[in-house]
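See the structures that follow.
Paired with chain B in one complex and with chain C in the other, chain A is shared by the two complexes that follow.
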Partner chain A sequence: MSEEKHQHVVPYRVYVIILIALLILTFSSVGITSIELGEYTVAAALIFAVIKSFLVLTYFMHLKYDKLYIRVMVGFVFALFLVVIIITFLDYLFRT
Partner chain B sequence: MEHAHHVEHPDMYDEESSKIGMWLFIFTELLLFGGLFIVYSIYRYLNPEAFHLAGEELNRTIGTINTVILLISSMTIAMSTTALRKGHKKVAIALVVVSFVIGFAFLVNKYFEWGVKFSHGIWPGSEQMLAEMSQGEILFFGLYFVMTGLHALHIIIGMIIMLFTIRGLAIGKVTIKRPSMLDNCGLYWHLVDLIWIFLFPLFYLIH
Partner chain C sequence: MQTTSAVNGANYLTYQGKYKGLLGWIFSTDHKRIGLLYLYSIATMFTTGVLLGLAMKFELLAPGKTIMEAQTYNATFTVHGVIMIFMVVIPGLPAVFGNILMPIMIGAKDVAFPKLNLLSWWLYVLGVMLVLAALLFGNGSPDTGWTFYAPYSFKTGTNMLPAIFGAFVLGFSSILTGLNFLVTIHRLRCPGMKWTKLPLFVWTLYGTAWIQLLATPVVGITLVLVALERIFGVGIFDPALGGDPILYQHLFWIYSHPAVYIMILPAMGAISEIIPTFSQKHIFGYKAIIASTMAIAFVGYLVWGHHMYTAGMSGPAQYYFSLLTFIVAIPSAIKVFNWISTMYKGSINVQTPFYWAISFIFVFMIGGLSGLVLGSLATDVHVHDTAFVVAHFHYIVFGGTGFAFFAALHYWFPKIFGRMYDKAWANTGWLVFFIGFLALYTPMFYLGLMGMPRRYYDYLEEFHSGNILSTFGSWVMVTGFVIIIVNLIRSARKGAPAEANPWHGKTLEWTIPSPPPVLNFETEPVIGENDGPYNYE
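Presenting the complex of A and B:
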């Protein structure tokens, strides 16, 4: 059997801090998208969403305390998604 | 005839394999929603004005409340995994129950939100939609119903998994030594949260 007892117990406090950060980010993204930023609205909203999802993945989903290969796998899936969306848009942007 | 051996099932429980299995499943879910997000962004790119107009119809307040609700439930279920590891079984159960109740509140909100749309004659294929809306607006609401609907379905599935987890905790099948069911239930719920984190700005915030 694998060596036990080395698993990390995340203190409650960490989750509370992350929740507060997520709520602040949520309200900031609501605030920033209600101002007229024109085309930057989409970018602003997405940046906030990416930061929030990073926090959820890292702390709530425990990736920070997981082994490296699990993090690499998750990163790979997001990279794959990014590549697919970029290629799709390259197609649409360069259509004549 | 040879008598069948009684096979002692060895305990094959392995926390790490359970976690990997769950993550592999989550990857398929991410790509499922990822595909829908690509469809959304292409249609938005092709119909910017219609998406702008249609987006104004959605209720920001309900969207924000549901975001807050879901984030809190994500925290409570994450805390539950800590409680179990600290040996506080009752706290762990209570926290999953809280997450379940919050998930239900999310669905109630969704019910009212969709109800308002229905009362305005907006649902997939409704006469009003087909008669009055442009192609782009129809696409927007089609995506809105499919994506939030599929997400709500995931909420329901997550809640069912929670019920099994609560049972597992109560009868001692899920313990400090075998926490995977609770952990995976949590991972699934965070996935649901993660998807909402992107659905919320794309449908409710960007006009």
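Presenting the complex of A and C:
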């Protein structure tokens, strides 16, 4: 079991870069509301949120350095989430 | 930290740790003690729910008012449903038998996060208290039914908020148990315990844990939205404010359909342990059972709309949900065939757990087949919201999860308490219970087909005879219940000491003494190439 003790040490630099990226993204997602995007406003906000969660999961939550199967599990969860949302909206799409 | 030798001689029931008496239980992080805490709390809530059920049946003995007003009846079925679903069958087998036995079955000393495990139980108790508070304080007990449907749930004058919050807290308890079990099964298997050597009960707990972890947050958020709607009128579900009440049903059933698999999967797992043990034969189709377990856990997420056929969904959504509902029935059927084939040519030892297991298969099949009637669009239009539905889900949830719970209780009782129960009384209890069950719920299929609606305290004269039979059945069943409980409580204290392996099982829990030592194993077990959970001669 000795190899399991092995921990990947992430340099501070990486954390700082990610932090700055997250801050920039946060400010841009606020900033973008001043542009009139019409029906794409929500989409824009969601895209920023997706990128930010991706960064947090990958770096802060160490998915990048973990075993592959953990990444597969997380991916699976998001895929399931997506499917459930799509099915729900199928109902709305066809409502008369 | 204890060493094994320091606690030698004491088993988990007699062992005395930092605290004495009751405190030694409610602050214990031992998975076996926590399992027993759950057993006692769930048994208490089950008994409460049964009494409410009896009261409803008494009311339905004759048309018109018998013992209670309409409003009281509404509150009774709501509280009955909330208790039975959120406090009995959802925690049910995972929290009791999963906690007590799963770590032992995988050769571990405890679950991965023992303190979190204790917290789950505390949250459970807190949730129960909150729901009970809704009954005792405020303007009357909740009367929405256990589904809390919008818009009524934010319009009714009754005391909804504590009940909603209680269900929310119970959800958290469930999520933590799921998380704990997932990590435990991934990380704490003993050497040689490969995924393909895991007992099926553990496999079903694994599938269940995923559902607990991923589906429960949806209902949590939904209940918060109902609370916000009630307090601030945010207008998510309220059509007057541009909201959509059907969205509530979507969100509610996105959780609550997978939740029926939280209830039934561990039940199927327990049955998959009992049948091979009492047939002394390798389980038929081990891998097929695993595959069908995971298939149920997955496809179960995608069929929730079959609860909403008559609610105003769009047509294509209805076809889609009906089709997938039929597909999700297949893996359950696979399991039934596997159990039957396991018994075929086995050397069957008829004992109480086996009686419960085969009656489980019987009622589960009736429940499942009647589910197909509800799953197809045309027939559901006729029977939805009738007594037929009540019969269906009691057959599947009570006859499924409930019977499996009793099966598991009689199977693992000697291991858990170190004593054997009186078998003659146990069999009598089963027989009386089973007959009562059939008499109680079967007439409801007929009544529903004839058009008797559910959730009414009154009915037309033409439904009288069916209801008399049903109410009579409830008395017989409760008699059986009393026999079973009295026998088990007596035996837990005075029964003959049980051997380590009274049923000649092959899974790891039968290799250690009854009751188990505090740390389960003297030395960590190692599973060899040729060992397996069902390797009978």
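Rule of thumb we're sticking to: the second predicted complex is superposed on the first by the 92 of 96 C-alpha atoms of A that agree within 3 Å, B and C clash if a C-alpha of one lies under 4 Å from a C-alpha of the other, contacts with A are read in each partner's own complex, and residues count from 1 in each chain.
Keep this in mind: a contact is a pair of C-beta atoms (placed from the backbone, for glycine too) under 8 Å apart; a residue touches a chain by one contact, two chains touch by 3 or more.
Keep in mind that what you see is a predicted model, and the values were worked out from it rather than measured.
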Clash or fit: what happens to chain B and chain C when chain A is overlaid? clash
Just to be sure I read the superposition right, which of the two partners does A:K52 touch: chain B = first, chain C = second, or both, or neither? first
With both complexes superposed on chain A, which partner does A:V84 reach: first (chain B), second (chain C), both or neither? both
Classify the contacts of A:I24 with the two partner chains as first (chain B alone), second (chain C alone), both, or neither. neither
Where does A:V42 make contact in the superposed view: on chain B (first), on chain C (second), on both, or on neither? first
Just to be sure I read the superposition right, which of the two partners does A:Y15 touch: chain B = first, chain C = second, or both, or neither? first
By residue count, is chain A touched more by chain B or by chain C? B
State whether A:V74 touches chain B only (first), chain C only (second), both chains, or neither. first
Could you say whether A:T33 touches chain B, chain C, both of them, or neither, answering first, second, both or neither? first
When the two complexes are fitted on chain A, the stretch of chain C hitting chain B, from 127-135, 235-243, 433-441 or 469-477: 235-243
Between chain B and chain C, which residues of chain A are contacted by each of them? 77, 80, 84, 88, 92
Using the touch definition from the top, list the residues of chain A that touch chain B in their complex. 2, 7, 9-12, 15-16, 18-19, 22-23, 26-27, 29-30, 33, 41-42, 45-46, 48-49, 52-53, 56-57, 59-62, 66-67, 70, 73-74, 77-78, 80-81, 84-85, 88-89, 92
Spell out the residues on chain A that touch chain C in their complex, using ranges where they run on. 77, 80, 83-84, 87-88, 90-96
Quick check: in the complex, which residue numbers of chain B touch chain A? 14-16, 19-20, 23, 27, 30-31, 34, 37-38, 41-42, 45-46, 60, 64, 67-68, 71-72, 74-75, 78-79, 81-82, 85-86, 183, 186-187, 190-191, 193-194, 197-198, 200-202, 205-207
Chain C residues touching chain A - in the complex, by the definition given at the top: 214, 246, 250, 254, 298, 301-302, 305, 313-317, 320
